[in-house]
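Next, two complexes with chain A in common: one pairs it with chain B, the other with chain C.
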Partner chain A sequence: MSDPRDNVQQEFLAEAQELVEALSRDLLLLDEAHHRNERIDPALINELFRSVHTLKGIAGMFGYRHVGAVAHALEDLLDDLRLARTSVGQQLLDVLFDSVERFQRLLALEDPQSPEEEPGVQAYIAAVRSIGQEPEEEEGDPLDKYAIEPAVLSVLTEYEEHRLRACIREGLQLYRLRAAFDLAAIDDSIDTLRDVALDDAEIITYLPSLEGGNEDTIELVVLLASRVPEADLKAHFEGRYGAIEAIEERTHLPTLPPRLTSIPSAAVSMRAQPDEDPSQASLRSVANSVRVDIRKLDHLMNAVGELALVRSAIGRIVDRFKGESAHHQSVMDLDRIGRGFERQLSELRTGILDVRMVPLGQVFNKLARIVRQAARERDKQVRLVVTGADTEVDKLIVEELTDPLMHLVRNAIDHGIEAADERTRVAKPAEGTLAFNAYHKGSNVVIEVEDDGGGMNAHMLRETAVARGLLSADASHELTRQEMLNLVFLPGLSTTSEITDMSGRGVGMDVVKTNILRMGGMISIASEQGIGTKITVTLPITLAIIRALIVNIASRTFALPITAVREAIPYVPEEVHTIQGREVITLRGETLAICDLARLFGFRSTARKGGRFVVVGSMGNRELGFVVDELIGQEDVIIKSLGKSLSSARGFSGATDLGDQKVALVLDAPALFTEYFDGPDALQALETRL
Partner chain B sequence: MSLTQQKATLVPDPESETGAVAVLAVLAGDEAYGFPLSVVREILVPPPLTEVPRAPEHFLGVISVRSQIITLIDLPKMLNLEVEQTEPYGRVLLVDNGEELIGVAVDSVIQVYRMEPEDIEYASAMGAELSEYVVGVGRVPSRSSSDAQDMLILIDPVSLLGG
Partner chain C sequence: MFILRTERAEIAFVLARIGRVPPGSSLLPCTRGDRVAFHALIVDDSSAVRAFVRASLEDAGFARVQEAETGFEALRLLASNAFDVVIVDVNMPDINGLELLAFMKKSPRQQGARKILISTQVDGSDSKRGTKLGADAFLQKPFEVDELRALIRRLLGSAEEVSR
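What follows is the complex of A and B.
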């Protein structure tokens, strides 16, 4: 793990991944602008070009030959695009979108040089190259009309020159801004300038003026193009940056000056020139952030857990000496220190948890690509609406969430949203809407995937379940509409596409549900025929640490996540009734099903008669009472996975170390609920009920 | 993973010219087993055990080793051997199966043997019905008489609860 080459490799992969994600994001923006027939922001194309260019550079350094080759071809294509030698069209967008998937596959290869990939890569490169160049119309150089200093013109890159011409053709006025910048903060200042200018104007280039500046400052000449009247620009820039003047059209045509070579070296290094040495590009970090392996955070979290044990040991010592007057002052001091320690500890823990959090927007961006692709495959019009993309959730959850959500999105587009003509026929807008909504709710995060499609046919689902022998015909008539909808989560119901096509949902909802449950989450479904379907996924914000109720069952210690617990009440055996083969009690006039955990786990309860408790759990709209022997108290616990070998053990989401090498299993409330209400026993109970 | 790949886990000691393998011999329920020494990370006095309800029978439960939760298995049960388990196990081997650390409960540790290739009879060559967790059988000098040999059941750590 500490092999430096490995670390460097990881570093590369992380950076490459970031670039590909940026590429994907920018492509979506480009796609959207194209489809709306909006003017395409040249800065966007330049960003795309830069991502690919940097990727090419670092791939070369790390021997990712295929990645480098693909990036190289794309770089040429994007260069043509930004120089307007080709234009944005469907074919070009498709090729670019393909690249995202392709990069991700190539980056995942164990052998980055693998010859097996060669044909695919070559075919793709051929596809990229096949997108032809369009000749640029030449109608006399518009630059000739302006009095721009030869020294400036001669150092423009091809791209800058192109943008300059394009701006003139679009009828923008050219301006020259002279401003002094602090040498120490020059990068920041230029970024600020860019931010300020971007709405009103485009910065063509900036370079140091040959005369200005002193030891600490440098005077830059910034060439701007803008539609904004001169007076407004003056108000904006002057005073803040320096003098601004319009560059007038001149009346006679000059001859182009010869290219100068004696440019100060500072000019080259300060400009984000795309032809820089690639190793330079990779050395510069994109933002004020560090990338951290999540395992390092787990390690820190473990250390915090150990500290918590130290803290409780101090507490015990304080308790032991509290009565003794001899050391009264020292014990009080120790107590105070202990409390201070605890406060800092909880801050430390919050801090570490915070670092693990990432915005759900990361997943939504990936999904947006799937939406686009699926809509195109199915020839449907889909508008994507995202709210709450900045809702944060544990990195591990984000990773685990992508696949289930992808499934839901595919289903919504394949089976939910109707084709445009069908939608028009039922007086819906031709363009379907798919919405991702995310928000926090208590210590959970809620993610909704909602479509305004045809909705699910509950009766069809029921008939399918009966036809497949998952449910007896008699039992099926007892089902409420919601229960019929929930049948979609049964394994074996939605495995054949022709049947699910009719029922309105696709394959693998059982798998989706299993994945969500494994993360300690819940999934629910609401659907109205003709109106649409909403799938709601509720997840804990973090998997790493939870507040838990510690209980004893048959002299063994277990932890029950507090998020699932509503209350605990004494267990009175005399009040237990049996209804339809299930034990229930009455709580405030409502019937509550109870589940004796000792019996479920095959233990013999050691509690004295009448000394037990019912812990009332609540999940979504369901409630279930867990009968336990003893309540120990509440504690923050670090959940650790049970490891692959025990992943088959039902009813536990992990284990936690209670100190002194004592391990408590963490009860998996969602799984226990599912087992009780929806498991094979539950279906049996449903049958016996009739 | 093919069978041959799975069983190729007895990596010869790189320092040995003859291709000898270092094997840790342990006793569990009247049988002697051998683990490639290269995968045994630690030998522990058994820490407190936490049972996992409704887990398959060969899982004894989980233990905590320096805050890490580790699954403890019962070797004879895992191999479907009928054993009268009366004594509590005396040692725990921490074995790296390439994916996670697994605890193996044993009665006692015998010693480390250097086994030459000719001492090992691979399961594939024996054609016998052996558990998937067994690489083969190894012969080592007997501990009771000088001219006899003892048999070691050689365990394949990769298949042991691995992928």
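What follows is the complex of A and C.
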């Protein structure tokens, strides 16, 4: 028999990843509450505990020894925390934050048992263990004070028992609520109950009982602790949620406790509230979601693409027979059916695309952790402001986006935001601000990373580029300020920390740019010295399907992503001027560089003179006119990879099937922009041009 | 790793569009080849554990394995199905595994069910409580495939005896 683990390994990794993300999210909340001196919600601590507890369990089962060992140590620590044997402090928070990165690294190991990791893991575990404290001796069992049925106590887990004790110690009164729940809507009803109870009570547990239940309903006995007097709770719960009664404190020797089941069943059925609060959705979304491998969605999307081809084939048949009166009615019927088919198809496509979308908040949460960590390392005060966390973008883009954004954040804190005393000296608030803003702009998503730090020194950048031999001194004097700032993206400019520290921006901006371009995006930079820096990343919302403008160049068909197209205008050869060896036209008073695609690809244009068009492309803050022979129309296309043998072909992001056995190459707009403005070799072009 | 969590409703929408059966409507066959049609339920809030146990059970010849992520989901399934084997984790939010055991003990539908309790606890107090509440076996997490298989074989054997 095969090991069933092989097949479910992916499931393990996905869940482990989710648990680590949840851990990270909850830690940020804990950190925030701690720094604001707020009361720490026991539910939050319990969530943290549950995450590492589950992680420990599954890591052991799937052979991730180190992950299991680290999770085990943290589990003990968090257990101490939730049972109030230790308290939240800076050292504890640091150790916990450290675990997030550690887990991610250990989960990514090729060999999860690797002995090389042993020393690091052991050292970390020792650090965790040094925080935990010995439990204090407890005086007597507070549970003895109450007449709680043994039947109830026997089904409590250790934690539930501890919570019960803690609540009694804190002086809360215990209550027993009985209510019948509709089985189909039980989650909703419990959510409602929890909402009502949470402010003034803690729910210890829910005990399902067989009394009064049938196939559709079940009666639950809810054990809760609250400070609210019995009369008030009765007023709140009685009638609406079922019968509630206080569990009496023993006043004399224990008598035979009343059996749970002997309480008159005054239970009232609870149904889900029809108009639900949208904020509730998040509570249930986990239970109502499934995990999907994104490749399966790509497969579905391909099937949709094939269906679209079938649809256009039907359309062509309809067109062919339209003139013939013999089958007029049938042709009209077929036409109508074809249209219905198209509507459903477009709904299906939207549905699949929706499934792929995830909120950018997922990335922002990771970044928030980096911000906290980097600020601590650099001993700087940084406030994080996030807008548009619910902006949705393709899952694949989110995955690819994390690294470049992480880089930008590190740079902003390492080199942008000044130390507190320096900021005070220049009359800025001691606490620096880092902002992530995300929003949709057409079919693009824009992400801005903005800081109110020292800004970039454009002249310093230029001098650095000259000093490193990337640019001749003569050429450097002709650069505009924006061009000087853009030098930061040159490979080889910002690789040494001592130089970048002076220039005010950090390491590896060329790598960031390459990553963004690879996703079909653009990156631009704006910076004022003494005021701050804003980096703007523009990306397509999805990579799965794009709307494209289909054009003809020298009798060949090409697709140009519509996200890169601003408008199309007739091409008038007489209006073309040449400035510094580049062809330009004037559009509404602005100079627009143009690029003859037929010439660029080495074709001979077949269009008659004057019949051509300029497609105005826009990427970030740059514009470029592409000269094409003919505009055919807009179409949704699915980009297919060109395959390995053609992967070196520049300027094309793939090919697409247009139906009718026609294939079109998809133009890679960002690559064309870079090729045109920066040349095949950006450095060389800069030199020859200047 | 490009795995994403997505709303079930969205998947159901997509499936409905392409005419497949939406999840939740169980049209699974109750027999598989000449094997006995055992019906199992696994209750655990970890999807990796559920997937692991499911794979092990299916290997062991179970025709139908159902999963519940929460105690509430389990209650729903327990109310309308008679299971041969029920595997429950002790530590779950809301309704815990012990409470489910207590419920099954009283439930007429589940009198034939073999109950396995799983827990990470080492000191054995979960195991003791579970046994009192009618658990037939206890598995300590993390457990090995062989352990689970041996346990299932043992339980299946005794279940067949009972049915005879």
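Please note the rule applied: the second predicted complex is superposed on the first by the 491 of 690 C-alpha atoms of A that agree within 3 Å, B and C clash if a C-alpha of one lies under 4 Å from a C-alpha of the other, contacts with A are read in each partner's own complex, and residues count from 1 in each chain.
One rule holds for everything that comes next: a residue touches a chain if its C-beta (ideal position, glycine included) is under 8 Å from a C-beta of that chain, and two chains touch if they have at least 3 such contacts.
These numbers were taken from a predicted model, which means no experiment stands behind them.
Asker: Would you check which partner chain A:N302 touches, where first means chain B only, second means chain C only, and both and neither mean what they say?
Answerer: first
Asker: Touch check for A:E160: first (chain B), second (chain C), both, or neither?
Answerer: It touches chain C, and chain B stays clear.
Asker: Is A:T591 touching the first partner chain B, the second partner chain C, both, or neither of them?
Answerer: Neither partner.
Asker: Once the structures are superposed on A, label A:Q344 by its partner contacts, choosing first (chain B), second (chain C), both or neither.
Answerer: second
Asker: If we overlay the two complexes on their shared chain A, which of chain B and chain C does A:T424 touch? Say first, second, both or neither.
Answerer: Neither partner.
Asker: Going by the touch definition up top, name the partner, chain B or chain C, that contacts more of chain A.
Answerer: It is C that touches the greater number of chain A residues.
Asker: State whether A:S555 touches chain B only (first), chain C only (second), both chains, or neither.
Answerer: It touches nothing on chain B or chain C.
Asker: What residues on chain C touch chain A, complex-wise?
Answerer: 1-11, 13-14, 17-18, 23, 45-49, 51-52, 55-56, 58-59, 69-73, 75-76, 79-80, 90-91, 93-103, 106-107, 120-121, 125-126, 129, 132-133, 141-143, 145, 149
Asker: Under the stated contact criterion, what part of chain B meets chain A in this complex?
Answerer: Going through chain B, the ones touching chain A are 47-48, 50-56, 59, 62-64, 67-71, 73, 99-100, 102, 161-163.
Asker: Where on chain A does chain B make contact in their complex?
Answerer: 302, 305-306, 556, 600-603, 640-646, 648-652, 654-655, 657, 660-665
Asker: Which residues of chain A touch chain C once you look at their complex with the stated criterion?
Answerer: 1-5, 7-8, 10-18, 50, 53-54, 56-62, 68, 151, 154-160, 183-184, 186-187, 190, 205-210, 213, 215-216, 218, 285-295, 300, 303, 344, 347-348, 351-352, 354-356, 358, 395-396, 399
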